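My structure is below; once you've seen it, I'll send some questions.
Chains: A, B, C and D, in written order; residue numbering restarts at 1 for each.
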Amino acid sequence: MQKTKTLNVLIPVLSILLAFFIGMLIILALGKNPIEAIGYLMKGAFGSKTNLANTVVRSMPLIFTGLCTCFAYRCGVFNLGGEGQFLAGAMAAITVSLLIGHEGWWVSIVAVLAGTVAGGIWGLLPGILKTWRGINEMITTIMFNYVATLFMGYLYTTALREGSVPQTAPVPDATKIGRIFPDLRITWGIVIAIVLGIAIWYFLFYTSKGFQLRAVGFNPVASSYNGLSVKKYMLTAFIVSGAIAGLGGAADVLGTQFRLISGYGGGYGFDGVALALIAQLHPLATVAVAYFFAVLRVGSTTMQVGTGVPTSVIDIIQALVIIFAVAGSSMMYLPKVRKFVTNLFERKEAK
Amino acid sequence: AKTEAPAAAEKTFKVAMICDSSISDGGWGAACYNGMTAAAESRGWETAYTDAIDQSAYADTMISYCDLGYDMIFAPGNQYSDAVKQVAADYPNVAFAVLNGSIELPTANIMSILPNAQQIGSIAGIIAGLMSKSGVIGFIGGMELDTTKAKLAQFTAAAQVINPDIKVVSAYAGSFSDTAKGMELAASMINEGADVFFGDASAVDSGARQAIDQANGDTVKIYDIGQPADILGQNPCIVSSVVTDNARMIAICLEKVETGSFGNEVVFGSLENGAVFLGKFNDELMSADLQAQVAEYIKQLQDGTFGK
Amino acid sequence: MSEILRMEHISKQFGDFYANKDINFDVQQGEVHTLLGENGAGKSTLMNVLIGLYQPTEGSIYLRGKKVEIDSPAEAVRLGIGMVHQHFMLVEAMTVFQNIILGDRRYKGIFIDHAARRKEILELSWRYGLNIDLEAKITDISVGAQQRVEILKALYRGAELLILDEPTAALTDIEVEGLYSVIDKLKSEGKSIVFISHKMREVLHVSDRVTILRAGKTIKTLLASETDGKELANLMIGRDLVECEYEKKESEQEPVIELRNVDYNKTSKHNGLNGVSLMVRKGEILGIAGVDGNGQSQLSQIVTGVTMAEAGEVVLKGCKVNHVTAADFIEKNVSHIPEDRNRMGLVGNMTVEENLLLKSTQDCAFCDLNGWHLKKKAMRTYSESMRVKYDIRCQGMDQEIRSLSGGNQQKVILARELEAKPDLLVAVHPTRGLDIGATRYVRDNMIAARDAGCAVLLISADFDEVLQLSDRIIVMFEGKVMGEYSGKNPPISTISLAMAGK
Amino acid sequence: MDWNTIAEVLTSAVRMATPLLFVALAELYSERAGLVNIGLDGIMAFGSLVGFLVCFWTGSPFLGVICGALGGVLVNMVYAFCTVTLAGQQIVYGMALNIFAPALASFIYRVVFGVSSTLAQATLMKTVSIPVLKDIPFLGKLLFDQTPMVYAVYLLVVVTMIYFNRTKSGLNYKAVGEYPKAAETMGINVIRTKYIASIICGFLAGMGGAYLTTCYVNTYSDGIVAGRGFIALAAVIFGRWSGSGVLMACLLFGLFDAMQLRLQVGTDLLPYQLFQMIPYVMTLIALTIFGSKIAGPKSKGKPYYREER
């Protein structure tokens, strides 16, 4: 038993290494030095205090969207709208902070709350369509993503536009979320993210409501026969997961980005889905995988800059890492592989 | 100073460009990249680039270049301003040049490069005003950038100087890469009667040109004005291009880095200093007479008497 | 008689658990060979190995003396092995017809020859007395009908070796008789059958030989003609099981639930109720007899609050019920053993423990702070005690419930529902698929609940069960109540006629 | 609006619906076998590049389309191997394709063409008008004066409808998506069916991508797919997993998009983003009105392990 547990960790790690190995071969083929490339990757992600901080900063929005997915999927709600909800949160937060302006720290709290509520509402809409009209949430959340993105476009090109570029005015200094260490870009947002991860983990596995929510997620019919209100839980899952993403958007715009601009928030939603699934919908693992994603992103930026290979090569390597990592862990479920592995161990023991 | 000079001569300077679109997009990205490499070549600099990056990676990428000892970072667009300001504060010894950056942007280590969007729009407007027979002309923007808006405004104004009754139909594709959308937009504008086009949307423009060519068939009666490179001959419908000489403006920045006088300044690009100019004409599409008229109007533009 | 199948030294491991260990099993041509064993003994597993759904950890299979590698069910189909699965293998979104012709390779051609295939199936169903509406969707038909479809499916494909994994669990007596003749007919055609059942009477009736499995191992193979139910039961569970009669009671206490002229989906013969009035009193068992698919499912849903009656009144504990949810009924102490355990009763991906506690995580015994902290230790202690009390055979409390054998799944539901000390227990086919020990256990418990003052509504397709347990019997046919009879000395032939609508 | 404008809008709607339709059909085949593939954008991107390159080199748009389709198959085999053989998470691998394939396409384009100030142009597929029929007023130009690919895709819709509703093979195929274990016990090779589904999906999505660069626009640029894969995904759900439904959904979406563009050109009072929202908002409204309790193939999205209960 213990051995299989070790293997469950070992195999994914090995497959990630294999993915990097293939990546290095590609870099070698392009006439660059792969060892150096790895060095750049490490340096970019962990090289200095600033780099370490950057990695953490990059992981924050991913943690939020990952947790958003985690919460929704646990209740059987296939929310692909993390991106839209994230943006809704960011838009509400910045709108509030710009409207109230330089008033003091309490504005950031109001703004964060506004972001959370807006995210929740953006999650509620597909939730209503699902529970009221039975419309598949995968399609509605995708549609709502587009609407949110376009609405953000409207905000930064027209309504909240500042100056010559299509972007909103920056968040007033007083409303920004504070940094933990004055010289690093890490804000208290990351603390919120991690605490939220722990809270969701606790909620899902140590409270009665969380228990029931998971039951609904696995088998809504049996849940309703056993007296659980499926619609209520689903709606809650929509709202809460939206609110989590919205909170993330608020924390990101008030802590890291400070304004809305074209391309803001792009891809966070789907990254969140992918990483939460890689983490097998476990909230704590989601936090860890989000950090891993960030390491990959930040580190490979430096790798690209250092080696000068095209960005697309870096993207290819990143995708390979994801593919291999997930393939490694899913392989462990295959009976044939399990059999092979146990045989391997038994033979060793026999010797 | 004597001991310093040879050291400076030995040093190879390095410039890096970041870009959110691809540098092989045949539009903005490519023009900026080519501008940078041309400028670098003329001054013996080394170049590097990172393209197709997400908004969230702007700062990280620049930081990486700074850490690797690059002397200048070239950011072709005002959308990078925030990230530039952030990184520039942490790396006072690195120079940052922002193309289309605002006038307020420059600091001790940031400069803006600002081609005159009004003039670009005006030139296109003049050509369109002279060429249009239907009295309807079209403009396709990518995003609602200020420079794009300025181009549209001047395009309209200049065309109306030539022909007060002219109507401008315009639209934003909301993208710089969705070629197909450019096609659809142009097709619908043609349906509205537009017969001269100008665009500020990178790859989207090539879609528009394709739609124009298709509508034209064998005889060209709907025209397109290219930018920012001189792309005459690429499509049959192109009458001329409004060219922005990025290389020239970037070279000014490079030179300032070399001499240590970089910063606190905007490099303007205009008709006056030759960084903006009109490309070659397609003689088959435009009579010599009209060409002369264009030249005349452009002269007025420079004098400030155009439309007065 | 020649040997058609031999399985040698078959072992099948799930994780560290042996579901089958070193099993030897053979089938002669033209014989009915029964596999007998408690729930979880490994019968289904062995058969799933045979049809290639599971790969054996060890062992080999010989068909007509030739060693075969059955690496997929497709291969098994090719080799002429057919199976009626205990857990139905029916595509719910498709019609009965489509399910039957699925994967059919006997006829060439791209398109489905509707008319010809229909005719063929109808003939078959008529010949074997398996009545079925071919155009109905699987979701719309009763479990009993689904069972018939499964059998029809296997017959349609005409296997040389047919495995019937508890084919009678959801059949009525009349249909079981039909199945006997099917089996006889197949035997006479020289086909061989592996038969799995928990009903001793059936086993003795149809089998030529019986092999007994216990805890994954073969215990013994005997000739059916040389043994009796007692010996088999003894070998199966390792102890004697005395037949027993339950005492019938006439309750005069107040009704717990009462239906007055209830309508639901009235126009449907098979899925509706039409003017149903009945009541269940405290301390009695009301049995509903009837062929499956005459409104029983709808009845059970209405008396548990899963669906609302469309017309008429439902009175629960003296209060008229207007707008309801299952939660309200549970609140009022109504327990429900639903007809489809996997779909309605259990959350397959959750553990045994979680399923045991599905309804009670809000109880203060298992949580603090109003549900905001679960007492994991208390939960574990409780579930372990349930495992012992209800004899749930599982690898551990953290095992996912869907990997339990059918009988053990049912025990989990039973433990959950009976431990709530209900005022009203609605039990739908409560012993379907259970072995004799477990069946006895369930029945004893239902009687005990009745004696403790619980009102029990028993809905069962097993006529014997209804007769044995009920204090009063109601017969349902096409959504209507046909009549009410006393449980003491019930007029069996009258009831049988009523069940057929006469 | 005059007839001319209406005709023009409809023509444009058909044009915009065509690539969507290819890809939506691709997803339909995939989901019918239980594989939810959200990597359509990626497959399309790769297909569009391969299609373009081949068309550019050989000058034959037909060859381009075929090769683009094959390119799509190639890319989708990664997905197939990971989700079918390794039984991995479908959404994750779909996402991975969306990162991987466009990057690969971009890289290849860069290697082949380097950086130039103009995009390389290839020849476009010619329209083939169907004699007689094309002279029907109004409809003629709309329906019978298109590239062969357009005819092909509508034919494909019909074939798909017949396949899933009338044929034995189609019935078996659907069973795999509904309840793979049941299908397996009926002797249907589930793994093979899923691979076939992936091949069809890759082929059609690749073709949809190649359509963009060989029939629609004559250039390739990064981001040319522009989220069409996701719209196609939505179209499959909107179309309730049926051939005719998908056709309607794609046409509807094309129509909304075409109208949106016209409205944007015609007016400049409202912010253009509001116009761009129209297709998405209209889809939501349409869904709300029609409702859709149908959840699609039951096993979709779930990995299939034969030995699991």
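In this section, a residue touches a chain if its C-beta (ideal position, glycine included) is under 8 Å from a C-beta of that chain, and two chains touch if they have at least 3 such contacts.
Everything quoted here is computed from the prediction, not taken from an experiment.
Does A-C or B-D have more contacting C-beta pairs?
Counting C-beta pairs in contact, B-D comes out ahead.
Using CA atom averages as chain centres, what separation in Å is found between subunit C and subunit D?
From the centre of subunit C to the centre of subunit D is 45 Å.
Counting only Cα atoms for the centres, state how far subunit B is from subunit D in Å.
Their C-alpha centroids are separated by 35 Å.
Quick one: subunit A and subunit D, Cα centre-to-centre, how many Å?
28
Residues touching two or more other chains, restricted to subunit B: which are they?
52, 144, 174
If you look at subunit A, which of its residues touch at least two other chains?
In subunit A, the residues touching two or more other chains are 150, 153, 157-158, 310-312, 335.
Please list all residues of subunit C that touch 2 or more other chains.
Subunit C, residues with two or more chain partners: 55, 348.
With touch defined as at the top, which chains are paired up in contact here?
Here the touching chain pairs work out to A-B, A-C, A-D, B-D, C-D.
For subunit D, which residues are in contact with subunit B within the complex?
4-5, 8, 12, 15-16, 19, 106, 109-110, 113-121, 212, 216-219, 221-224, 226, 257-258, 261-262, 264-266, 268, 272-273, 276
State the interface residues of subunit C toward subunit D in the complex, per the touch definition above.
14, 51, 53-55, 72-74, 76-78, 83, 85, 87, 89-94, 98, 101-105, 109-112, 153, 348, 402-403
Could you list, by residue number, the parts of subunit A that touch subunit C in their complex?
1, 206-209, 211-212, 214-215, 218-219, 221-229, 335, 339
Under the stated contact criterion, what part of subunit A meets subunit D in this complex?
78, 129, 133-136, 138-140, 142-144, 146-147, 150-151, 153-154, 157-158, 270-271, 273-274, 277-278, 310-313, 315-316, 318-320, 322-323, 326-327, 330-331, 333-335
Within the complex, which stretch of subunit D touches subunit A?
By the definition above, subunit D touches subunit A via 78, 82, 86-89, 91-93, 95-100, 102-104, 106-107, 110, 227, 230, 233-234, 237-238, 271, 273-274, 276-277, 280-281, 283-284, 287-288, 291-293, 295-296, 301, 303, 305, 307.
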